[in-house]
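Multiple structures follow.
Both complexes below contain chain A, partnered by chain B and then by chain C.
Coming up: the complex of A and B.
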């Protein structure tokens, strides 16, 4: 029965979110997934017997609670467990811990710099203010500043109004926050090198920029504006791995009558008379629908599964110029037991949070210099977690699963990626961890190493960019993915985008998918099933 | 003994001169206090030794802002725009690229390169034109605006939305915060051409082509081009500094040279004069500082007179110089591989690719000098024969990057760095070394000491987005006034920043005159 109202290409979390809201409004929706498994970048797979890896994304915090509630994801099995700390190992054998509990947080910073312990109060308050402001914009469609349509003018006026609720000094501080480099921004607060480095690290994750590049300060928000159980800034693990996010979304979608087909690669979005007619699968099968939503990144959408002849030349040019350079790698490791870290005091809870090994800004920036030369960082910035400590479903009893996010890793090292180079990259990471944990290397049973090549080939992220496009201003808000096309509609009637290539970008937020659904439902004159942004925080 | 003036201007650099002349022409008694022995600041001619002189720190320049030229009748004081200089990007094998009035030319330049370059240039000149109301007025505040701010914003909005049109405006909103590397990569193919343009965007800044915000610094440069072509500064009488000095003097302003200000006198948050290094006090209800914002507010006013948070923010202004200046006294004209004698009147640069420029920047981030710096070379004595004995020449070289805070200190590294740069120059002009009669290298620390600019930064502060417009030098003091009543800023550290445009001085004068109660 080939009769669908809408087809969503790609069963990533945004595609599923989008599909779920469409189905909830009563549409007959089909989600097509190329891989035999769903989830895209939020997936968990057993690649080593007994161990479950979250292959790509690995922590959950930005996922919008409004969506969680609107789709009742709790009922569909999504549970997020808070991660309460992060830490950085120092080369001199000491460490710095960052805790969420205010007294402990202050005491630990005091150990490194009494002045910074005072500054952190000011810092936390400022960041929280920006978080609250920006969170309100995540579930809104960006206005087109060049348009004179009433809705764009109203939306611009709304944003201005929100902006003008700030004091004049706050407005300038907000602009500074959005345009400064993370290192310089933090130097307005902190003096201690380890403290500076620790809080800078989050701002380079997934970006093709260094800690001294203007525009990185605000990336801090991408790692601070999420929440777990209402605690803004908290990070969490999805119980059972990030695949649980996709699983819960799929559950919600199916409960509204939606249909998912995996192993169904779309070869082409078919267009007739500037209107979509449906899709053609790689197998040759054609499926008709009046609405086709691409959850693929903007480059794939316009340059691979659409015909250049069906698109305005400007869009093709914009798609070609879309910046989507991957910069990250991932190493997932099965461990025979819990590694020890001699720098930490006996019984420290810091092993339960994010662990880092880079303790100076210079090391962070040097890691970036390597990437600019198309090399992986000789001394990379790693974000390491051992989630099996509180989620026993990830590894057999007594064993552990470690996930290591690695910045930077190039799209195309000199001569291209080979399996040998990939393993060398993995070894760089394993060696770095081994420097701080003497028994670690002996505990490694299996390691899955993913460079941008693997991210592209397996998940379909062009150039392995984890955000489906770089998060710089030229590609944010009304510029995402391109000026004039930031409202989720493609240049062809009936064609929409729902992936992280659209506002507000990546990070397993679900917001692009929900925003896109709102626009589609509006065009189809269906009731809006998508949630409004929280007003109570 | 105390003197009483209407206006004291600390520092007779070109912005101070512009500001003071406007005020003097409005009928105020203006006194310039200049710590050096000549007016003109970075444009003043300096001696390498008794026989050789160079035009000073600024070695190439766009014409001064047309409005200022007209208002102050600079042409009648001898000002004329120098001969248009092409940019020649050097290659060691002599396959140079030339960017002239007619666009790029050279061995590797194809037709499509020329077309793409023209289109890019046109597009960006349009943006620069659209931004004019912003550059030519005090930066509007974003809240509590006055009438002037509203008109500036309205003009700017009109220029963007109607002048450029919605497609072009959208494109401007996309590129405004980008880096040069990406926009050049999108538009051009020729690596040499991209390298030359990338070097322009980072000249004088602590930024590489991949640093976001470099499109804006390039736009700032292009706004200079709206006044006319780039020319080589040669220190002759027709140059900006001299004309401004004469214009100022003709308007009745007085000068004191070798007059170092030690302190701005403040009482109850109001400036009432200055104290000189020798203890002399000069009173004036208006004190205008052409010195950089940090020197003015932290050294001359002093943190105790300021709100603690404000003082803290002033101390956090970024502005560590990253360019060294090499001056060579030459016994003859050097021979550059692949260049004719007449070519040497132009501006020569060494910046063969964008990655070359970026790699030159990398070490600067860690307080190290570039291994292979970006060079900007001029030979001003070809146009102004009085700079050197007959047949002899002087060469001026901007060496990018050479950080103010050099790891290990400049003392030991200075000579070594100078010889390294000379060796590098010899790769393009093999006979250069044999011609050197004398040389001097000005590191950012030397520039700080000799030109009284904190940390030796050309632009008195980095021109990053967060230190531009209504945040230059910092919010709370971005409309040329300061929290100290009667104290104003007028130097390159204020909006719209560095370059020999005279714009900050002009805008400051407008601001001060507008604030004065009608008499």
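Coming up: the complex of A and C.
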């Protein structure tokens, strides 16, 4: 029987990040992956010959540059190219573009509302203030507020210190921000419906809430706090698709002597006397290790691959009640050529960024209403990109690859998912795009349609929730995944969590994996190989 | 203003004077200013500088934000907005104003023109429509952006009066500093104000963009007799420091765009306490400013001479040679007319008082090698350069 210092279950980006830091500290580490390919939600697969899809996650901004640097991911082939813009098509034939060039951005907002063009200065400053505050905590383990351990007291004091660097008025605003809906938050700044709707979109992505639901304002921050080379809020596209992130992480991990086994599904984390002993694979094979890290979401970890009898009842109860609603779908499309969008002037650069088709808050809210009734949105909110325009490795020359993230899609439509229903859902999305691009439908060569059912079955995300658990205030920081278990340690000795179910949550960020590695290395009294966070001052 | 969908093809738009500026630009050194392509320099810096100080300079001011404020409550609204007492403002007059948020922190500065009864123009450094509209709640007032509908030129220098008069603009002899006149130039109307950002004799000309090129041509037709030069932002930076003018967003953070707590500034902290009238009645920020006035001064933007001739840029200020760091230089220039290094520095006060000694550590390059020296700084209570000819009425004729 092989002997490893640590086993990491799941070769998603956080699992690989975690494993790489453990291996870098000199541990013998094995990563076990259920699928024949690695990456979890960071994969790029060729499902139609010549085309590569970013099958699940599709853009990159939250990935921590400190981790990128510490694991030398640039030399392992990762390249993140900034995405240029985002835009929303209007039903009246016009459009709104959010350009990254500041003068053009301002003038475009002015085209829709001169007042909003000025208000955006205030909006940017306020969002940046919250981003800077939260970013400081991404690569730190949340304190346990009830603990009297020196390090918890220190971390809590650090949190309070950061908080009290705000003015009194800013503290009120920050609390409001965390508890407000995105629509109401943005109405403090903007008056134009298209501008409001455009900037609301990021707040419902991956979230089982609507634009008027309290708590969605924070989700905006979760999508704005990333950066590409210091440009906070910028999004990037990983050259070669999101699989490049996993590939680079795997390269780093292997360069430290780590081992990855795919087609190796873990059936059970084995426990004896409140201590982990290793894992048992679905094949019946047993592998021993003193440390077992689950990169699966909290529900799967505690309710599927652990024996409930090995766990404190409170943990089982928390896991059962963990909020992890699937609300998103994905359509990846191989195109025979570049579709045209008649609303855009010839030569517009807006096709190179995020494209949206929802221009009123009411349409966003109605899209949510469908989901509450267990239907996919008849008029969904789509985040569409055509990355092959600037990454020639995604599609044959002259052809294109399109990625469409779709909000909302239910976990369990009436009567359950069938392949026919899945295809009807895909058709809804294709029809919406077709409304704005008359030649689009004729260019479709192949489409990969993914509902929460496919996301769960293929990637192992419970209910297909892309964040491994909702990003609501009750499930963030020292409450993620559950109160008392936010420091990456499980309830059984030697068992840890590294996935997006832990602080600071979902998105291809790497931070949960790195934070978890730091805790494991501390427990094993090994040198800390994880990076210290860059100061945002 | 209607903006064409095609606007995205050009990051910086051309001002109505662009054809004339481009034709005269030797350096073709352009930069962005409020979305417009603006000249950083057009010629040698010294040529441009001495046009301001010894003959006549012309600068395109079109990119400056301009708001037309009118309506029954326009005066009440403005008096509530700004910190200064406006009761002496009359039609045909300009005044320099600042405005604050509720915390008494500066949002921007600007010049307020009373063009007529209930008709005002506010010119500002930064975008203010959002704040003006928020502040206008409860007032019967109409606020419109007119940045792009009014072309503007600053004509500044000792011979400015002679050049404008010779260009056919009559009626400037009696125009006093901060006065406004509605005049004619070769058959088209223009507004002239005796204002500027250079500290020299000078005027600002406001005209419909369709007459912009004619106005420019009328001025430059005088060149064979009286020298006149277009200038860019680099020269403006030198002369505005000599004149002791500060620039929001550069010398201090404007409140609405400040991210970190206590990184914004009050009028007292930037040395503009003289613009605050706490007795005029309520205005936005008054409560906070009253409270601040009662406390010892925490810090202040201070005009200083930096000894020696080494070029000064941004630098730390210390309370002694090798002493404690107590501030930083926000802007600096070598003054060719005073033969001195001038700077405006943000300095922390001690027990409400300016520290007795100020030293700057000046890093400079000699043939690519970095060197560092200590230079003592002396405080200037007044603007560095205020020539008498600046305010003479009528101005001298050349």
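Following the convention adopted for this analysis, the second predicted complex is superposed on the first by the 534 of 537 C-alpha atoms of A that agree within 3 Å, B and C clash if a C-alpha of one lies under 4 Å from a C-alpha of the other, contacts with A are read in each partner's own complex, and residues count from 1 in each chain.
Simple rule for what comes next: a residue touches a chain if its C-beta (ideal position, glycine included) is under 8 Å from a C-beta of that chain, and two chains touch if they have at least 3 such contacts.
Predicted model, so just to flag it, every value in this text is computed and none were measured.
Engineer: Which holds for A:28: it touches chain B only (first), chain C only (second), both, or neither?
Structural biologist: A:28 sits against neither chain B nor chain C.
Engineer: Using the superposition on chain A described above, determine whether A:399 touches chain B (first), chain C (second), both, or neither.
Structural biologist: Once the two structures are laid over each other on A, A:399 reaches no partner at all.
Engineer: For A:169, decide between first (touching chain B), second (touching chain C), both and neither.
Structural biologist: In the superposed model, A:169 contacts both chain B and chain C.
Engineer: Of the partners chain B and chain C, which touch A:268 in the superposed model: first, second, both, neither?
Structural biologist: neither
Engineer: Name the contact category of A:345: first (chain B only), second (chain C only), both, or neither.
Structural biologist: Touch status of A:345: second partner only.
Engineer: Would you sort A:110 into first (chain B), second (chain C), both or neither based on which partner it touches?
Structural biologist: After superposing on A, A:110 lies in contact with chain C but is clear of chain B.
Engineer: Take the contacts of chain A with chain B and those with chain C, and give the residues found in both.
Structural biologist: Common interface on chain A, chain B vs chain C: 167, 169.
Engineer: So in the complex, which bits of chain A are touching chain B?
Structural biologist: Spelled out, the residues of chain A in touch with chain B are 144-147, 164, 167-169, 171-172, 175-176, 179-180, 184, 187-188, 209, 212-215, 321, 323, 362, 365-366, 369, 372, 472-474, 478-479, 482-484.
Engineer: Inside the complex, what are the residues of chain B that reach chain A?
Structural biologist: The contact residues of chain B facing chain A are 141-144, 161, 166-167, 169-171, 173-178, 182, 186, 210-213, 316, 318, 355, 358, 362, 365-366, 464-466, 470-471, 475-476.
Engineer: Please give the residue numbers of chain C that touch chain A in the complex, ascending.
Structural biologist: Those in contact with chain A are residues 1, 3, 5-9, 11-13, 32, 35, 103, 126-131, 133, 145, 256-262.
Engineer: Going by the contact rule at the top, pick out the chain A residues touching chain C in the complex.
Structural biologist: Of all residues in chain A, those touching chain C are 94, 97, 99, 101, 103-104, 106-108, 110-111, 114-115, 117-119, 121-122, 124-125, 128-129, 132, 165-167, 169-170, 345, 347-349.
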